[in-house]
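So the structure is just underneath, and the comments pick up after that.
Chain nomenclature is as follows: A, B, C, D, E and F, assigned in order of appearance, with residue numbering initiated at 1 for each chain independently.
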């Protein structure tokens, strides 16, 4: 499996955030995107996830047999927000995502296993809104575990995590990579991963030149 | 001016997060609260801000003449959420808070100056919802500048900030302290401040013993 | 506090279009009632004030459940609650006022048009406008209590309306009876209208205090 | 998808027994009416169907605007949109269905009780139930489009209300007129009812597709 | 048209049924709660105020 | 026991649920016996009472209708007082009292509506009119149900307490409305068949059974309320113990 971006151009309003951006990662590899606030990291991840349209260029996920796979179904996207309902219990939230994001590419962990993995055993029955900020983020990470998808797109995954959880997260990503997964993460803090490629966005935006209105 | 906590006890549901907690800081001093996720840092800050009632103990802010000052009016609280309306422009958001949180203890910066200070010159006219996560957090920090209040209560102020903004934030706090302010911050990352006191919450919770129902 | 009023109004007019929604709903109510009554213009004119009042009461419910919930979700509520008791009560007052300006006032202004549709006379329409002008703020103020209670709820919606409607009934009773009194001869207009005004004043005082008390307790 | 239905229903019921809430809301609305128009049983019976329909419309409007907004605010919407086109349309369909199950259906079921309170006859009540059963889903489905558009526009936008209500008003009007046609003799029940059904089917098909299209464009 | 006796009987019957229902509901609820308490205590979960004794 | 700052005095001892349980356990048998006794006497008296010359046998409905209506209002007043306790003294038992009174009050309100309807049919020729008193009682019923829904909507009783108390107090304005709305309603025209309250002032032969029945209803209310309060205390105790058990198993994060 291999993820390739070619000549991606991302735009917000009239400013081009990045242009001619390309990379390739294959099974077991991770890409870390860095850059100052507003550089366009989140925008890039949303484009990769298919949530935003790129201005030009394309992002492809190729299966081991070389066939293009739909990113929508083969990628997990973790944004700035946690995608959990405050009023539902942790258990309910996770089992919802487990069955909603069921995929053919493999089985995920059970909800309880996932909660164990992120070190929050015992919170399953609490309403999500009762958790602390870091605990909420960790439950959001557990979503990646309950259904298996090979490509992880992570936007500042370690926000609000304490140091022990930082390491725990690094372990999770490492396991995912070792199992043949791929990961692309935007972050401001070192993730504690070895052997990752990195991509730095400059944060210098150019005005869109072939502006339609100009 | 001096802020003193004595024998504070904080509880969530049936578990006591901290007990017998006390500290004193005076003008120009900062206190950094650390501890693992769910230790009770946010809870402590909310108690200090008067948003939650402590189980017992008290937190007092004493003026230079020894008179007790209402924390409500002399403290800025910055929580996990930014307290800004997505649909309003940055300018509108900040000037709202500027006039809403007007205080007698001194003049704040003008909205434009504050935006300059946090290094986002030029975003004033954008709707808040258009900003990136880090930019949003920085605007939330700018709120502390537009109206002057001597005590800052900050809950993970540097979440989502890039490295340059981290330093910028450290400078802001340093200026605030030098001008005779006080700051209490909960964080997982070093804030880049020198000479701060620190308080570590263990994250080991005890069950409430004098539980009413049991 | 003017700033708060301005902010809430800006949000109301910018998003959702609370004013339009209220007026449209109002219009829908007035549009369907004649189906039941039939083409009897006299009857229509007679129950016109009541229909306008009921429509206005129901339309005021729109958006009420989000009065504080929206502030809670983005964290602003913390700053609103971080005030001394008096300012908090005043803040609630201002927010209710903003809600009224955004939803209630347009209804009052739309009343003449609807009066026309209901074949109501000028006096009758004027009386309804006047009573609505006094009565709808009372609904917003009492509604603030429901909205404050809803802050602790995961979802306000219907529950808030259920809690508020019974409380709003006195307003409706006197609003309608004053409007009728203005046209039916023996009944004097002023007594029920004065009671309506008294109720409005009472709610304007009670609502913010009760809502503030609920908000103080709700913070988590 | 069953999971989505279950989740949305769970969220709706968390706030206190959705079914019971619908009935309570309706009871509250109905209780308010006689205070306005007076205790004339005949008149009540005549406007009964209109009141039930207005109550249903209002109940649908309260909370409909949050259909996607809530998901957007907590980030779930991204995951919902990250699906192929067909699944996305189906997701919207399910969410509207959940909304209807939580707010519309209880109203349909409560209608007989309210018919009793409004002194409506059996035929009339039956007709109202039938039209509500067909009509309220249409409101939920068309409302989904408005809710999706509300998400698109970074600043909400007046469009929502201007979009939903004018589309919902035909449903309301045909629903009410079919209910009346069932009791007033010369008017036939079926023509307006068929139109209502046609509108409902049309909206059930159009709503999810249009809402899905709006959501695809919305994501930012 | 029912006889007036029937109305009287119905009202008394309805009152009896409602109040009895309420009583039974409360009794059953109480029994269930006490059963839960004894179960929990059998599981070794102890009430704090009991185990803590009279320490203040 | 604890060194918290709950004010001293007679209710300090009641502040402790354990002591409340003990005390209420001792009182309950007597209360229940008194309730049953007065009910039996009251029922006997109401059937021994002479028939009314105007209303015939249906006047016997009065003996269960009027006390039910009174209790419906009294129960709400009890809740309002308890809500004051929650808001002013932050007394946890006050919340328990307010919450458990809800279903009982709803039941009495329901009974007054039902027996009123059953009386109205032979007397007025209709089950229901939207007359002021009837409607305001109906509104009271709605408020009971609404408050029940509010409690049901929140899984944490501690957080429901204050908002529910505020709402209960605000809703108290309905009680005077029930009392006085009859007069207000006069400004609108009324249906011809109205209750003739001003007619026969109640004769002693009916007054006494009525008063005994009212006493019986009141005793029944207090018996049920005490029992329900005990249940609620147990419920919260179980909840607390469950959570503590879960915590000691799961460990802090």
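Throughout what follows, contacts are C-beta pairs under 8 Å (C-beta built on N, C-alpha and C of every residue); 3 or more make two chains touch, one makes a residue touch a chain.
Nothing here was measured: the structure is a model prediction, and the numbers come from that model.
**Student:** From the centre of chain C, which chain's CA centre is farthest?
**Tutor:** A
**Student:** Is the C-beta contact count larger for C-F or for A-D?
**Tutor:** C-F
**Student:** Shared numbers divided by all numbers used: is that above or below half for chain A and chain B, i.e. same or different?
**Tutor:** same
**Student:** Please compute the angle of the rotation superposing chain C on chain D (C-alpha atoms), rounded to a multiple of 5 degrees.
**Tutor:** 175
**Student:** State, to the nearest whole Å, the distance from the C-alpha centre of chain B to the C-alpha centre of chain E.
**Tutor:** It comes to 49 Å between the two C-alpha centres.
**Student:** Round to the nearest whole Å and give the separation of the Cα centres of chain B and chain D.
**Tutor:** 44
**Student:** State, to the nearest whole Å, the distance from the C-alpha centre of chain A to the C-alpha centre of chain F.
**Tutor:** For chain A versus chain F, the centre distance works out to 56 Å.
**Student:** For chain C, which residues are shared contacts with two or more other chains?
**Tutor:** Each of 14-15, 73, 153-155, 159, 162, 165-166, 169, 173, 176, 220 in chain C touches at least two other chains.
**Student:** I need the residues of chain B touching at least two other chains; which ones are they?
**Tutor:** As it turns out, chain B has residues touching two or more other chains at 13, 36-38, 80, 86-87, 130, 207, 210-211, 214.
**Student:** What residues in chain E touch two or more of the other chains?
**Tutor:** Residues 47-49 of chain E each touch two or more of the other chains.
**Student:** Using the touch definition from the top, list the residues of chain E that touch chain F in their complex.
**Tutor:** Checking each residue of chain E against chain F gives 2, 4-5, 7-8, 10-12, 14-15, 18-19, 22-23, 25-27, 29-30, 33-34, 36-37, 40, 43, 45, 47-49, 54, 56.
**Student:** Okay, in this complex, where on chain C does chain B touch?
**Tutor:** Touch residues, chain C against chain B: 1-4, 6-7, 10-11, 14-15, 73-76, 78-79, 81-84, 219-220.
**Student:** With touch defined as at the start, can you tell me which chain A residues reach chain B in the complex?
**Tutor:** Residues of chain A touching chain B: 12-13, 35-39, 41-42, 80, 130-135, 138, 156, 159-165, 188-189.
**Student:** Which residues, counting only chain A, touch chain D once they are in their complex?
**Tutor:** 46, 49-52, 70, 72-73, 75, 77, 79-88, 92, 95-97, 99-101
**Student:** Contact residues on chain F for chain D in the complex?
**Tutor:** Residue positions touching the partner: 126, 128-131, 135, 138-139, 142, 145-146, 149-150, 152-153, 188-191.
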